[in-house]
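Below you'll find a set of structures to go through.
Next come two complexes, and both contain chain A; in the first it sits with chain B, in the second with chain C.
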Partner chain A sequence: MWRNVAVIGCGQTKHGRRRDVSLAEMVEDAAWKAMEDAQLTPNEIDAIVVGNMQGFGGVAHPDCWVGDWIGAPGKPVMRVATGGTTGGSVGQAAIYAVASGMYDKVLAVAWEKHSDSKEPGATTGLLHVALGNLAHALNYGLSLKHLIVTQAVGAAAGVALYQARFYMHRSGCRIEHLDMVAAKSRRNAAKNKYAHLRWPGCTPEDIAKTEMIAYPFRFGHICPASDGASAIVVAAEDIAKRREKPVAWVKGLAAYSDEENQLMSESYGGVGVLDASEQMGCRVSAMKAYKMAGIEDPKREIDVAEIYQPFPSQELIFAERLGLFEEGKAWIALEEGEMEIDGRMPTDPSGGVLSTNAIGSSALQRILEAALQVMGKAEEHQVPKEVRNAVAHGWGGVTNYITVTVLGDSPR
Partner chain B sequence: MRRVAIVGYAQTQHQFDMDKTREDMVFEVVKEALLDAGISREEVDTVITSSSDFLDGRTISSVFLSMAAGAYLKDESKAEEDGTSAVWYAFMKILAGTHDVALVEAHTQASTFNPHLVSFYTLDPLFDRQVGLLNDIAAAAIQARMYMSAYGVSEEEIARVAVKNLLNAAKNPNAHRKIPDVTVEEVLSSKLYYHPIRELMMSPLSDGACALVLASEEKARKITDNPVWIEGVGCCQDFYLRDRDLLKLGSLEKAARDAYEMAGVRDPLTELDLFEVSEKFAHEELMIYEALGLCRRGKGKILLEKGLTEKDGEIPVNPSGGALGADPVCATGLVRIVEAAKQIRGEADGYQVSGVRKALAHGQFGICAQKNWVFILGGER
Partner chain C sequence: MPYIKEERPETLSVEGEWNIGATTWKANRLLEEFVKGLKQKKLIGSLCLGCGKVIVPPRNICGRCHRRMEGRVVVSDKGTITCFTYTPPAARGKYKVMGIDPVEMGVVQEGEVLVPVFVRFDGSDSNMSLPLIGVDPKEVYIGMRVRVVWAEEPKGELSDIVGVEPIK
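Right, the complex of A and B next:
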């Protein structure tokens, strides 16, 4: 039965366009930093979980090659990949591996190296998701209409854009609020030495000056395509308790997927989800993870949230879906400064995915950053209050994948 | 530790260029596995699928399968590479006590994107891929040649492995490559790829899927009278191609050792009644015998010569025909688990081995079986 698990080591690389290292060197950097932080040698690690999105770096099953750099030979290695949530899924697999009693110390590593693909910005990788729709459409007989819709999906940004419109229509949130979220993210990232897009003192007005890409997203609202890797070491209770350094305990976790959300889904295979901002998978995951963590009122009991928000609208949508704010009211809390690093409910003090997006690694980075906040090791972007519970979120797929992990300063 | 059992399973009729979409194939196999277990989708707590972006020919291969696999509004994840990895994950989730019933699904439609071409993209992109000389078949040929010269194994002896498995496959309704009258001569005159690897010594390119339902002991007893227990699990990754000793399957040795230890197996030769292994190339099966501890290194051919690993031998290996009979890449290891469970439950119509109580199932992934998973399964009593 459940055995308590704690994050005992964290490591990440500097994010950005990393032409100075190869994929293997980059992954090695994060993995060794995490092991060093956990005060463990590679020989002391019992099992490894890895993940990234294969198409982006252009290497199939890269763990076969990269394994040698992170001490994998001779060890059980699981490869997990679920799109945007990959990192969250990697972290959760490592947690289950320890909780099950099978392994005592597990290393979780996730990464992405976008600049290795031919078209920087991972356009190829993301378009493949959209092109998947084409195959799907073929099931029902392809028509020109289908083809046009497929082209119009516009990959992740396209989906997020429709999602944002749904949310704005429902809640009264305006484009100025998206500017505010983006500016906050850039400012927070400026305090995080590993982040990609860092802009000290960035204001919503600065963001508002950037070019409109497709309403309601401006250039300043879009996440970068980063190269980077992150890693954590999770360990069983008895090992974690012997540590002198602070650890972050895993209190609850869940990964409930939603129905596939497809554009104009009503006429495309009878998929039920029409409102892309509904995110029932996130509601259910949060509910289950909080229940496991013994959290009854997340608004009161959660102290900081690391939300997967490649686009600013998503920080607001998911903050609500994670139960941190009233339905449709996150943008009001934002106006009142509650989501700032020193606010009542700081969201993404690290700058989040909006400022650093090495896709496969992004959701693991949320767990890592939440752990740093619990341990009090987030340095310049540490929230200036006591952190007892932190929630880490991951989002991906065709808006249908979610991971929610709750960490805290005491065991379950 | 909690006990975990297999309570239901299903697999497709593996074939090339299946007349079904990926979604339909997955939906049907999952539905059949749930029917086999006699449970509804509502009773499933977590769903783990297994597939690969490159092999499925698209990014986030699982993304449009949440509904087909019945995973919507359920806890789910995807373990890539071999389906046995997904079983390993589901097994751990049940052990953790957070879930009671898990559904595992694995598939590949090899007709979508040739897996041998994909193997080229698993190579070190900075050197080996640029040199352009290697792929999984070429590497297997190097390994086979090394093995042959180190231990005096002939091409005929390797061809005999293929004959054994293809004859077995001919009796398995789900197998893909069926040649009921195959001979050593036929194998040795089939198309040559890289010497000594010939077409009939390689696993075929199959489209197929496989699904498994796992349950905790408490649930398993309610679901079925005939549970198959997972008694041991082991898995291990080897060094990358360049730094490996290709003369042995080192990571399989380690994985088998761990699985034996967990299951309390001291002597696999006498304690295990049946073996279902993933031999992607005929010579690998001989090396697998050795890695599993059935004989000393280099002596695999003797087990075959004496007919010990035939369907009616003392230690039957691959009565289903193994991977040489059908290789729907990510599903292949999962099919081994299903075939072993089938034998334990006495449901292998037409190729049932009598008196199977404990069996071993093996899955592999990567060039020259770089990664290996071993499961020890046991019946009731």
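Right, the complex of A and C next:
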């Protein structure tokens, strides 16, 4: 049994290339906005969970730097880092802390500051993640060309394009559908004042004109490397119920590590999942989280989804894995406009990770955006219907971690 | 919030470098077994005695049974393409991999199209990522039968597998 928990405050920074602030100033901005939204002072916060990608932005221990800035002195601070799911894990760790009865009010903050790295894609950080594996393979005589073709086909983009190929092969989805998802994301982002790549009126044709990077991904399909931070305050039931403002209740949450899904990971080993778009971890997490939330038919009971989709194919794959569409049919629903902001099942009305990717923050932003939709505070990108339940998803690790969080307008 | 200034142009930046220095990791002997097999033009996979899965190249732990993959089997060097992608023609200055321009280094030729594929070798239950050689990307399809292109004189290292080519 766990105590009921609600998200009572949300804060995020403007995303983009933030050369105007230092890392600590940027993180502070989000943390204070969340505390202001929750009507709490730093002294009233019991504990803090923080997180970003290891080594990204060239800072090994950013948690030690930002402590003072977010009101940490005198409080327990815990740093969580799980690759792309970092934000999801940070949010869930904060929820655990309250649900367990350990603390009543916990602040969760996650961020990334890519632009501090001189090389694109935060090379230092990526090497941190991959150097062990690469060094291992090189020591056993892997040629540089082989390395470039197979191992370094482009980190997450490489993995995602394999997923896309498998999905397209088995579902009949075509590259035009990826253009449609990307265009929808840019249009939605244009309504979100915090988003990075905002393009009002973007059409699939605009995306189709961009250069092919590696089949089937065009330049227009790729997420940006954003600077930004997001933060939420979660609180116990008695505190949340005293709020005059709407809150978003945590109804269910789950996470999953699918070790077979790792591509050429430890010791260059083969990947045991034959279909990279299978993503069983997402299906299993979703089933667990829905069961906790008392949701029997997600197609009917979920009103909006915030999916972690740095690449357009992932919005389709994970929407199916979250049980929102029939198997292999999400692209048909997309064609029929069901995934638009005013559609039957809006996905990523905020523009999602495809338009704003401050990696460590991205999965927390999904929880935050889902909470805003439940509270009715998403402003211009608020979906035009009653939101009873929203689902937030995260994908990351070495392609093996998944987080799923279900939020709703009433306690469990 | 007194610290945050709404609109501030580029502020003071401090230069710095962070090299990921030398580290000596403890390795396991799995790759050693694999490359020993390559010297004899054999592909060695690990067999899970729990579920019977064969993974090539071998892994230590079965991801779903959570037990050590103690068995070893030799699988065929012929297999099936389960997935593929291809790049636009390479050009100098077009992209960098880990700070290296592959064309400038002479690793990839100007205009070369790279075709990474996933191969499921016969007798295995896993995908291995390898370069496909000598095929126009337009002719590649999922389900295409391929075989390993071995180095002329295998030395017992990973580059003994040059890539895969279609079985004519």
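Note that in this section the second predicted complex is superposed on the first by the 371 of 412 C-alpha atoms of A that agree within 3 Å, B and C clash if a C-alpha of one lies under 4 Å from a C-alpha of the other, contacts with A are read in each partner's own complex, and residues count from 1 in each chain.
The working rule: a contact is a pair of C-beta atoms (placed from the backbone, for glycine too) under 8 Å apart; a residue touches a chain by one contact, two chains touch by 3 or more.
Keep in mind the model is a prediction, meaning the values are calculated, not measured.
**Student:** Given the touch rule stated above, what does A:78 touch, chain B (first), chain C (second), both, or neither?
**Tutor:** The answer is first: A:78 touches chain B but not chain C.
**Student:** In the superposed arrangement, which partner chain does A:254 touch: chain B (first), chain C (second), both, or neither?
**Tutor:** first
**Student:** May I ask you to decide whether A:58 touches chain B, chain C, both, or neither, giving the answer as first, second, both or neither?
**Tutor:** In the superposition, A:58 touches chain B and chain C alike.
**Student:** Quick one: classify A:166 as touching chain B (first), chain C (second), both or neither.
**Tutor:** In the superposition, A:166 touches chain C alone.
**Student:** Quick one: classify A:314 as touching chain B (first), chain C (second), both or neither.
**Tutor:** Neither partner.
**Student:** Does chain B (first) or chain C (second) touch A:350, or do both, or does neither?
**Tutor:** Once the two structures are laid over each other on A, A:350 reaches no partner at all.
**Student:** Pick one for A:211: touches chain B only (first), chain C only (second), both, or neither.
**Tutor:** The second partner, chain C, only.
**Student:** If we overlay the two complexes on their shared chain A, which of chain B and chain C does A:396 touch? Say first, second, both or neither.
**Tutor:** first
**Student:** Considering only the contact definition stated at the top, list the common interface residues of chain A for chain B and chain C.
**Tutor:** Residues common to the chain A contacts of chain C and of chain B are 22, 55, 58, 126, 128, 131-132, 135-136, 139, 258-260, 271, listed in rising order.
**Student:** Taking the touch rule as given, give the residues of chain B at its contact with chain A in the complex, in rising order.
**Tutor:** Spelled out, the residues of chain B in touch with chain A are 1-2, 21-24, 52-54, 58-60, 62-64, 66-67, 71-81, 85, 88-89, 91-93, 95-98, 118-119, 121-126, 233-240, 243, 251, 254-255, 258, 365-367, 370-371.
**Student:** Under the stated contact criterion, what part of chain A meets chain B in this complex?
**Tutor:** Within the complex, chain A touches chain B at residues 1-3, 22-23, 48, 51, 53-55, 58-65, 67-68, 72-83, 89, 92-93, 96-97, 99-102, 116, 125-126, 128-129, 131-132, 135-136, 138-139, 254-260, 271, 280-281, 284, 288, 292, 396-398, 400-401.
**Student:** Which of the residues in chain C end up touching chain A in this complex?
**Tutor:** Checking each residue of chain C against chain A gives 1, 3-5, 7-11, 13, 16, 18, 20, 23, 25, 27-28, 30-32, 34-35, 45-46, 53, 55-64, 82-88, 96-99, 102, 105, 107-108, 114, 116, 118, 120, 124-131, 137, 142, 155-161, 163.
**Student:** If we count contacts the way the header does, which residues on chain A are in touch with chain C in the complex?
**Tutor:** 19-22, 25, 28-29, 32, 55, 58, 69, 119, 123-124, 126-128, 131-132, 135-137, 139-146, 148-153, 158, 161-162, 165-166, 169, 211-216, 258-264, 266-276
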